[in-house]
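Shared between the two complexes below is chain A, which has chain B as its partner in the first and chain C in the second.
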Partner chain A sequence: MLGEIRQARLLGLLCVIAGSLFLASLLFGSQTIPVFQALQETFADTSSVLALILTEVRLPRALIALFAGATLGLCGAAMQAMLRNPLASPGLIGSASGAALGAVIALYFGSAALSQFSLPLGGILGSLGATLLVYLLAGRNACTLTLILAGVAINSLSLALISLLLNLAPSPYAVQEIVLWMMGSLNNSSMDNFWIMLPGTLLGWILLLRVGRALDALTLGEETAQSMGVDLPRLRWRIFLAVALAVGSAVSVTGAIGFIGLVVPHMLRPFVGYQPGRLLAASALGGAILLLAADILVRLLPAQTEIKVGVVTALVGAPFFLYLIIKSRRYNQ
Partner chain B sequence: MPGIRGFILIWLMLAAGLSWGDGRPPSRVVSINLCTDQLLLMLADADQIASVSYLSLQPESSFVAGEAIRYPTNHARPEELLALDPDLILTVEFTDRRLLGLLDKLGYRVARLPMPTSISAIESNIRQLAELLGQPARGTALIHKMRSALSQIPPQPANQRPKALFYQPRGYTSGSGTLQNEALALAGWSNLAAEKGIHGYNSIDLESLLLGQPDQIFSSTYTGETRSLAQRQLRHPALHHITHNRPIIEIPFKYWICGGPMITDAVAELHAALPNKP
Partner chain C sequence: MSLLRGTALSLAFDDHAILEAVDIELKRGEMLGLIGPNGAGKSSLLRCLAGSTQTDSGVLQLGEQRIEDIPRNEQARRIAYLPQQTEVHWPLSVERIIELGRIPHLEPWGKLSERDQQMIEQVISGADLLPFRHRPFNTLSGGERARVLLARALASEPEILLADEPVAALDPAHQLDVMAMLAEHCSRGNAVIVVLHDLRLAAHFCQRLQLLHQGRTLAVGKPGEVLTPDNLENAYQIHLPDSQSAIDTLLNITWKRIPK
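Let's look at the complex of A and B:
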């Protein structure tokens, strides 16, 4: 009972933070505009510049940050629980870089007419392929090290293929976009981009709606979980598919934004009483908060050309990753 | 071995000695850059031209693809250039330093033209090259042709100039001190990028572009048929809303890739795009 009240309070608090950051994301842009007037003009349905900036430039960016961040946080939590591995996350075990590879193939080499659908589809297939490959390489009951090594291998392979393909792509602009796919960026997103990523993302989330209880059971070990009625192979497939759908669609629009899926579940775990089921919703909100905040930060930093949002998440995430390694070393000794 | 090296050295010194200014116009001119290719073909006698660069054959970037086909082409490789035995090598200011150093060491006469960012700089390039080739009259005639083509375009009063800007893939634009800026002004537009204080070829932020409320957006993409994130940026819906659904007008980039007399065609195209011309 007490736990549920705490959980509700936590989720409420995270919702409030995510909501305020979403609004802040509409307030701050590269240019200062009278936002209140922009809002009035938007609702008055006049086609003014301010309304245009608000609805066609800032809104899609905030929406994509919200949905992509939530996707990465949620999928990180689900993967860590299912693989019972604290280092599992879309960024580390290949789901994100595989998605970027799939999206790159679809965008630069696919047919132009189909691009609206082929882009997220490429992302989803790439993500699923890379995740399954890592899972098969590492084996079912892989220890942390094996899984991470398999992830490193598949990540490097995906990134190498991305650079190769962008070097071979017919467009003269392709080569300069390698960084964009590797670090991720929300710059100049349009509502079209948001609609492209939405269906896959929502489908992935829906698949993860009811896995909480099974993931809780899994903390007691696979055999115990099975004796409690958890259909393990089905659970695995469900989560892999959900991650592929959600991460694949999100990454095909934003590029591979690192560390959110790794860091957020760890930060929030103590607050949900170490229960994976409860962590899911909290992590989704936490991921959205982190990406919204990082994206506001890149807009406020006075750089000549905009810093990629993945740079900020990596600057926060990499030290945290090191901290996790040191902590696990102490634990092992 | 020393014998051969000595022979080559003497041969090179001879070649170098012969090529240095003996008063006569050069008769074996080699151009290794598209920009000098074009001017060379416009100004020189056919028998003065020994070779032009392979880039001059590509119709999407070259204005002289038709004429260039009559001459041997080069890829600016030292071996090729030596074999052509040139008495004048033409290129632009931004050329591989190592190649220039090598040519200098071997005693070749190299003329480097600056990249023009204005009509007057184009004229001075034409004059300079015509002088070098011993064809000053052709230079004057070409400049005169340019000026008369530009004078065909009626000037637009300063207070009736609609706002426009160039918006390229990756969000780049052309501010003050660029050929595009001068062409826009001559065609009767006011360049929004220059008004925003952008100098040279630089990126413009999407929100800043929208706040400027351009009446027309122009673009010059290298290859329109290919796809990339950079090119996708030009399809941002806000760009179409801000110009009230006037499509982005594509001005071929071969007008700008080299500053030359073809700038007058670009000005004419930009002028034709003016809304409700007088």
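Let's look at the complex of A and C:
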């Protein structure tokens, strides 16, 4: 079995990988650019083509991959720890589907074309709304199962409303736009997108800064955690709000990118000795690594149309999910 | 002076009374056994004392202070609670689980101090867990698991330990191991409230017993005063032929664990 690694060493290693992939993400694309020359030209303030590609195309795309991936990894780890369920994903409490619904409403009513802010804003509002609904539906002192069921119900409702909007869409063009957006992509990322996503993402991260120890205590169940000083309703509220803000912001910019939040915590758990608190930072870096890598991959794949990054993460993630099921089946026997 | 005192504690779920004006007192150095039939309210009482269930009425004091006036973290440092069934949700190693016991003592960003490490080592060797310290919890046997969970609770150095049936589903030798750990904790000037179904263990290890029946205290006092034929008949609905001599046997039984 893979063993536990010292936290500083693990985080250092993940940082190096994430950093290298970030640089690679600046380098690779439909055209490989000499990064250092481009950097020089950028700082020399000449509006050269290379500098433009770097600052207007590659940099926002890499930054968004870094932040969105980290958000998905972090929130996935937090959700799995809070619900003590290895199959929980950041989207379980409605944030991702709510964000998708909000964004689709913005696309549908064409307001996205009017202002570039309306799509992400719609997404964040949708995410907050859906999460709030789950919270209200389950109640303040809900047990884990009720929370999961409430999440499933709100997710289904959001997806049904998205289908309704698709069904009633005025033109095939609108349908195509919505469907392509839902696949999840970092294509057409701009620095504006990044700035829009940043505040919600950072706020979510900050809210999750100090939950590690409480999540560790939750390993022993809710009653024991409470007796160890954990204020459970407050912890839940904090994580809900954090996930709604961070995942909502990320999804509204990137579209639905699945499986990162589900898979990354699993991959890293053995290295942190299965401790939920230690997993948070590692999982954030792991999420960033996975999304950066997937986004580089889609740019390098020789395809007529660029494959959407959400499709790649799902193609990698779904088989891994199957593997988890088979492994747990063997474990239970 | 009592370490913990509950006065007129009452609790009801949907008009169904669980606890009715129960008084409870715990003195330093003592092990108090909570006994009574299933559904008597033992676990509920323990949960109320642990703060995971709020009583509807009554006063709960820790030393001289009312429990509401004590910050949550300080409560957690002074009282440890070992629920009836503790599921460990991730395959943490034994050492990592015992480390969790130090959480109430840690600063938000702090790491384990030397003092924390010392306590963890002490508890691991005290609970005879040295050979297992790196084993994942889910690979341990029932007896080993019980010892790990108790060791986790003891690692927080609580002056009061609330243990809900810590010996359920253990064989006699492991029952004795666990009870000996509890007795040792009391001998260091702390105190334990333990829920037990095994009246022999209760009589042997506890200085006082409190017999609950239908949410009320039926009897409280030394084992000999509580375990009377009348009380057993009323609470447990069991009849012992020649009951007094049976109870005398119960009270005078000597348990000894064969040294390993």
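Keep this in mind: the second predicted complex is superposed on the first by the 266 of 333 C-alpha atoms of A that agree within 3 Å, B and C clash if a C-alpha of one lies under 4 Å from a C-alpha of the other, contacts with A are read in each partner's own complex, and residues count from 1 in each chain.
The rule we apply is simple: contacts are C-beta pairs under 8 Å (C-beta built on N, C-alpha and C of every residue); 3 or more make two chains touch, one makes a residue touch a chain.
Being a predicted model, the structure only gives us computed values, none of them experimental.
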{"item": "Touched partner set for A:53, first chain B, second chain C, both or neither", "value": "first"}
{"item": "Which superposed partner A:33 touches (first chain B, second chain C, both, neither)", "value": "first"}
{"item": "Which superposed partner A:223 touches (first chain B, second chain C, both, neither)", "value": "second"}
{"item": "Contacts of A:213 with chain B and chain C, given as first, second, both or neither", "value": "second"}
{"item": "Superposed model, chain A: greater residue contact from chain B or chain C", "value": "B"}
{"item": "Of chain B, residues touching chain A in the complex", "value": "169-171, 203, 205-208, 210-211, 213, 222-223, 225-231, 233, 235-238, 241-242"}
{"item": "Contact set on chain C toward chain A in their complex", "value": "47, 50-52, 72-73, 75-77, 79-83, 86-93, 96-97, 100, 103-104, 106, 108, 136, 149, 152, 156"}
{"item": "In the complex with chain B, residue positions of chain A that touch it", "value": "29-31, 33, 47, 49, 52-53, 56-57, 107-108, 112, 115, 169-174, 176-177, 180, 188, 190-192, 305"}
{"item": "Chain C partner contacts - residues on chain A that touch it in the complex", "value": "84, 210, 213, 216-221, 223-224, 226-229, 231, 269, 273-276"}
